[in-house]
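Presented below are the structures under discussion, each in the form of C-alpha cells.
Two complexes come next, and they have one chain in common, chain A, joined by chain B in the first and chain C in the second.
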Partner chain A sequence: MADKSLKKDQVKNLLNKIAQSNQLIAPILSDGITLFKPVQSGEGVVLDYQNAVVPPKDFFFPQSEKMFSYDMSDPSWAIKPEEGVPNRVLFGARPCDVKSILLLDKVFDAEFRDDFYIDKRNKTTIVAISCNDCRHTCFCGAFGISPGKAEGADLLLTDLGDRYLVEVLTDKGETLAANCSDLFSNDDGSGAAAKEKATAPALEKQMKIDLEGVKAKLDNMFDHPMWAAESLRCIGCGTCTFVCPTCHCFDIVDFNNQSSVGYRYRCADSCQFANFTRAAGGHQPRPSKMERTRQRFMHKLRYFVDRYGDFGCVGCGRCLEKCPVNLDIAQIINKVKEVG
Partner chain B sequence: MNKVTENLRKTAAKLLQDKEVDMVIGYGLGSEAVRTQPVFITSPDDVDKLVWNPFCVNGLTKYLSDMKDHPGKMAVVVKGCDSRGIYRLAQDSIIPRDKVVVIGIPCAGQLSYTKLASKIDVSGQLKDVEEKGEDVVIKTSKGDFTVKKSEVFLDKCTTCEHHNPVVADHVVGDAINTCPTPDNYDEIKKYEAMSPEEKAKFWLSQFGRCIRCYACRNTCPGCTCRECVFDAIKPDWVGKEIDVSENELFHLTRAFHLAGRCVDCGECDRVCPMDIPIRLLNKKLLKDCKELFNMETPGSTEEGGSVIGQYRLEDPEEFM
Partner chain C sequence: MCDCKTREVASPLLPHIATINKVIDETSNIKTFQVAFDEPGVLENFGNMPGQCCMLSILGVGESMISITSSPTRKGMLEFSIVKVGRLTDAIHELGEGDKMAIRGPYGNNFPYEMMKGKNLLIIAGGIGLAPVRSLIDYALDNRDDYGRVDIVYGARSTDLLCFKYDVFDKWPKVKDTHVHVTIDREEENWNGHVGFVPSYVEELAFSAENTIAVTCGPPIMIKFVLQALEKMGFKDEDIITTLEMNMRCGIGKCGRCNIGEKYICVDGPVFNLSQIKKLPPEF
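And then the complex of A and B:
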C-alpha cells in the first residue's frame, strides 16, 4: 500500500477509533515517567516521548503472568487455562523496542513455541513511531537499527511537523489502515525525503558504538580479569534486566495458599540475583557478582549471537541510564575492544 | 584538578603504601560527564582513578557490608549523609569500626544526573567542574554548560543534616560552615494529613509500578540481613509475583525493618528506576521515631543502636 499521511489533529481520532475495536496500548505520562499502558482512548497519549522507562515487552512477555489455575475440590481436577488476550494495538513503539520483539520471537516462537507469548504476539498490531530525537544513552545504530525504520512493525508513523507520514509495512498494518482510511490521505510523494530529514538528528546525535570484532573477542574472554574488575561496583539489583527489552528469563511458581484452589504463574527473573542459579542442595554455579555480571554481557553480546545469529541488545540505553552504579554496556563494549 | 581530589589521592596513596588498608573504595569518572562510578583501588599506582566532584552521588558504605568477609582493612570515601552508615554498620555489628578507615569529605550537595540530563547534554566526558557562586560550570568534551545549582541538587541535599561527615579518620577538604538544614518534615505532614483512602490511593498507585528490581534494598546500608526475607524461598513470605499487593507487602515490610535504623541517606530514592518516592516511607518512620523516642537520625553518633531494639521505662505507650 502506498504511503499515507495523517494530520496531527487527527491522531486522537485515530487512537479513539482504534480503541473502539481493540485494546489500545500506548505511552502515557504517569506520575512523571513515560510508561506503556492500556488506555481507553487517545486522551493523555504522548508520542513525543524519548524512551519509556520500561519497554513494551511487558505486553508480550508480562513481568508476571498466570499460566493456569486449578481447584482440587473439583472431582475432575481440571486445569483451567487462562484466557488469551483480546485483539490489541501497540501504538507508538520506538524502532529499538520493535526490534527487541523480533529478538524475543527467536526465543519464544522458534524451536520452543511458547503459547502464552504467541497468543499475544498474534493478536497485537504494532504501530511504531520513528525517532526525531534521541536520549543521551541511545545507540541503536550499533545494532543496525535506524531511528526511521522499524522492521517488525505493521505501521510506521514519522512525525513531519504538521503531519505524520504513515508507512504500511505488513498485511496486518494494511488492515488497520483500511479500517481507519477516512483519517488518512495519500502522501503527496514528499514524505520519504521529509522523513529522512526529520529522523536525521536522532541518527546524528546518538552514541556511535562499533561492534566490529566484539563477538569474536568475547569468544575468548570467559576467564578475562575484566569481569572481576567491572563487577565490583555491581550491587546485584535487577534494574538492568527488568528495564531491558530483550531480557526474557523467568521463573515458574505455584501458589495455593494452603487451600484446594491455586494457580501457577511465571514471572520475570534476573540473572543478576544470587538465587537465580541457586540449585536444590545449595549448589551455586554463579557464586559471585563476577559470574553474574559476565553472564549478562556475554548473553547479550556472545551467547545470543551463537544461538540466534543476532545480538541480544538493541541499544535502547535503558540499562545504562538506570544502573545505580553506572555499569554501562556501551562502555563495556569499548573496554572489551581495548583489553588485551 | 581540584584540591580535594588531589588530597584524596594523596591520602589514598599513603594508606595503601603504608599497608594500613588494602583497598580504597571511592569515586571514579563515569561513562557520562555528570556521573561517577564506584572504584576499588588496591594499588598506590591507581589512585589517579579517584575523583571528587559534585556527581559523587552513590553511598559507598553498603560495599563494606557486601565485602564484610574481606580479609584486610578497607578505606571508604564518605559524605556527611553516607557517614552515618559507618556508625550504623558498626552498631549492627556488621563491620567493626576498626576494620574501616573512613575518608570523610565535607559536601555542599550533590547534583542529580536525572535533573542534569534533562537540561544539558551530559553525554560527553568530564573535563572540569567549576563552582561560581550559585552556578556550576560543567566543562565536558561536548561543550561547557552553566547550570544553577539549586535547580539540579539531589532532592535530599536541600535538607541536609550533616554537610560534614559525622565520623572520619581522615578529613579531605575544608569543613563546610553552612548551617545544616534538617528536614522539618513539611512534606511528610502533607501525607499524614491525608485520609486513609487518599493514602491508599497514592501508595497503591506508586507500588503498582514497582518492578521489584530490589535496587532500593541492595543499595541500602540498613539492609544487611544474611538472607533477605524477600529472597527466602521456604517459607515464601512474599511471593515473586509482581502485583500491587505483593509489591505493597515488600515496601511496607522493608520500611518497618528500617524503622529506627534508616540513616536517611536517600539512596533508595535515587536508585529507583520507576521514581517511586521510597524515602517518604522511611522519612515518616524517622519522624515518628524522633517524636516518640527523641531519637537522633540513626548513625549520627557512635553510641546508640536501633531504637526499636531497645527498651526504656519512659518509652511512650499511649498507642498500646
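And then the complex of A and C:
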C-alpha cells in the first residue's frame, strides 16, 4: 500500500476509531511519567514523548501473568488455562521497543512455542512512531536500529509538523489502515524526504556506540577481572532487568491462599537476584555479584548472539537512566573495548 | 477433564494430572514414585527418551525438574526417584498410592542411545546419580542385542544409601554380558563387596576404552575424579557422557534460569559429552 498522510487533528479520531473494535494500548502521562496503558479513547494519549519509563513489553510478556487455575477438591484437579486476549493495537511504540519485540519472538516463538506470549503477539497490531528527538541515553544506532525505521511494526507514523506520514509495513498494518481509510489521504510524494529531515536530529543527537569487535572480545573474557571490578558498585536491585525491553526471565509460582482452589502464575524475575539460580539442594553457580553482573552483560552481548544471531539489547537507554549506580551496558561496551 | 482446544493454546507449560500407583522406599530420604496419567492417551504419546526429565508438581506447593528413571521400554508408567531436599520434595514424600501429582514434559535432550548401538557401555554412578542413567541401562538391557558388553559401577557412602537394590543386586546381574560392580566408601559389617571410592574402583577395574561409551552421573566431586580416571584410561572426550544440573523453572528455554553460556540446560541438556562441556564457560 502506498504511503498515507494523516492530519494532526485527525489523530484523536483515529485512536477513537481503533478503540471501537480493539483494545487500544497507548502512551499516556501518568503522575508525570509516560507509560503504556490500555485506554478507552484517544483522550490523553501523548505521542511527542521521548521514551516510556517501562517498555510496552508488558503487553506481550506481563510482569505477572496467570497461567491457569485449578481446583484440587475436584477429583480430576480441574486445570483451567487462562483465556487469551482480545484483538489489540499497540499505538505509538518507538523503533527500539518494536525491535525488542522481534528479539522476544526469537525466545518465545522458537522450539517450544510459548502460547501465552504468542496469543498476545498474534492478536496485536503494532503502530510505531519515528523519533524526531531522543534522550541523551539513546544509542539504538549501535544495533542497526534507526529513529526513522521500525522493523517489526505494522504501521509506522512519522511526525511531519502538521501531519503524520503513515507507512504501511505489513498485511496486519494494511488491514488496520483499510479500516480507517476515511481518515487518511494519500501522501503527495513529499513524505519520504520530509521524514528524513524530521528524524535527522534524533540520529544526530544519540550516543555513538561502536560494537565492532565487542562480541569477539567477550568470547574470551569470561575470566576477565573487569567483571569483579565493575560488579562492586551494583546493589542488586534488579532495576536494570525490569526496565529492559529484551529481558525475558521469569519465575513460576503457585498461589492457593491455603485453600484447594488456586492458580499458577509467572512473573518477571531477574538474573541480578541471588535466588535466581540457587537450587533446592544448595547448588549455586552464581554465588556473588561478580557472576551475576557478568551474566547480564554476557547474555545480551555474547550468549544471545550465539543462540539467536542478534544482540539482546536495542540501545533504548533505560538501564543507563535508571541504574542507581550507573552500571550500564553502554559503559560496559566501552570498557570491553578498552580492556578486552 | 480438559477441553483439548484450550490445552493446545496453553501448552507446553500446562501439566497433566497423574496418579501414583506405587511408592518404593529406596533409602531413608529417597523414594521412587511410579505414576500413570489420568487422561487416556497422554502416556502413550508422551514420547520420552532415556535421560529426559519432567517438571513434577503438587499444585499450590511448587514444581521441580526430576529425571525420568524408568525406560520408555517399560510401558504403562513413568518412574521418578526423588530426594527430600526442600518444601516440594518434602511434600511429595508424604504422598502415597492413589495420590496425585501434576506433571509436564518430557524435557531436555537424551542419552545418545542410537549412537551407542553396537558399542560397549560403561555406566558409572554414585548415590541418586543412578536414577537418570537407570533409564538408559534398562533401555539397553531391554534391547540387549543392540549393545555390547554392559558394565555398571555403582557406589554410595554405605549400603543403606544404595538405590535400586532390586536392580543392582537382583535383576541386572542376571542379564547376559551385564556386569555390576558395587562399592561402598567404608567397611561395613556383612558387606563382602568392594570398599572404596567410585573413581578409584573404576581405575582398579581397568576398563578398555575400545568401542566403549562411558556415562557417568553422581555427586560433582565424584564426576570430577571419574572424568580424570576415564581420560587416563584412554577414553576420548566424545565418548565420555555426563549430565549437568541447574535450577529450572520453565523447562522450555524461556525463563532464562538454567543457562550455561548460550546453552539452556533444560533444552540443550542435561546430557553432554566431555568435549561439549569443555566448550562451555565454567559456570556450573
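The definition used in the following text is that the second predicted complex is superposed on the first by the 337 of 340 C-alpha atoms of A that agree within 3 Å, B and C clash if a C-alpha of one lies under 4 Å from a C-alpha of the other, contacts with A are read in each partner's own complex, and residues count from 1 in each chain.
Going forward, a residue touches a chain if its C-beta (ideal position, glycine included) is under 8 Å from a C-beta of that chain, and two chains touch if they have at least 3 such contacts.
Not measured: the values here are computed from a predicted model.
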{"item": "Combined model on chain A: chain C and chain B, fit or clash", "value": "fit"}
{"item": "Partner chain(s) touched by A:Gly32 [first = chain B, second = chain C, both, neither]", "value": "first"}
{"item": "Chain A residues touched by each partner, larger count belonging to chain B or chain C", "value": "C"}
{"item": "Partner chain(s) touched by A:Val325 [first = chain B, second = chain C, both, neither]", "value": "first"}
{"item": "Chain B versus chain C as contact partner of A:Cys271, first or second or both or neither", "value": "second"}
{"item": "Vertex chain A; arms to chain B and chain C (CA centroids, nearest 10 degrees)", "value": "90"}
{"item": "First (chain B), second (chain C), both or neither touched by A:Glu82", "value": "second"}
{"item": "First (chain B), second (chain C), both or neither touched by A:Asp251", "value": "both"}
{"item": "Contacts of A:Met207 with chain B and chain C, given as first, second, both or neither", "value": "first"}
{"item": "Touching partner for A:Ser64 - first (chain B), second (chain C), both, neither", "value": "first"}
{"item": "Chain B versus chain C as contact partner of A:Ser190, first or second or both or neither", "value": "neither"}
{"item": "Minimum C-alpha spacing, chains overlaid - chain B and chain C, in Å", "value": "7"}
{"item": "Residues of chain A that lie at the interface with chain B and also at the interface with chain C", "value": "251, 253, 255, 269"}
{"item": "Chain C residues touching chain A - in the complex, by the definition given at the top", "value": "1-2, 6-15, 17, 38, 57, 59-64, 83, 85-89, 100, 102, 245-247, 249-250, 252-257, 259-262, 267, 281-284"}
{"item": "Complex interface listing, chain A residues touching chain C", "value": "67-68, 70, 72, 76-82, 84, 107-108, 110-116, 119, 222, 247-256, 262, 264, 266, 269, 271, 276-281, 283, 285-286, 291, 295, 298-299, 302-304, 306-307"}
{"item": "Residues of chain B touching chain A in the complex", "value": "30-32, 35-40, 58, 62, 66, 117, 121-123, 205-206, 209, 211-215, 217-219, 231, 233, 236, 239-243, 267, 270-271, 273-275"}
{"item": "Residues of chain A that touch chain B when the two form their complex", "value": "30-33, 35, 53-54, 63-64, 136-137, 207, 232-233, 235-239, 241-243, 251, 253, 255, 265, 267-270, 273-275, 320-322, 324-328, 330-331"}
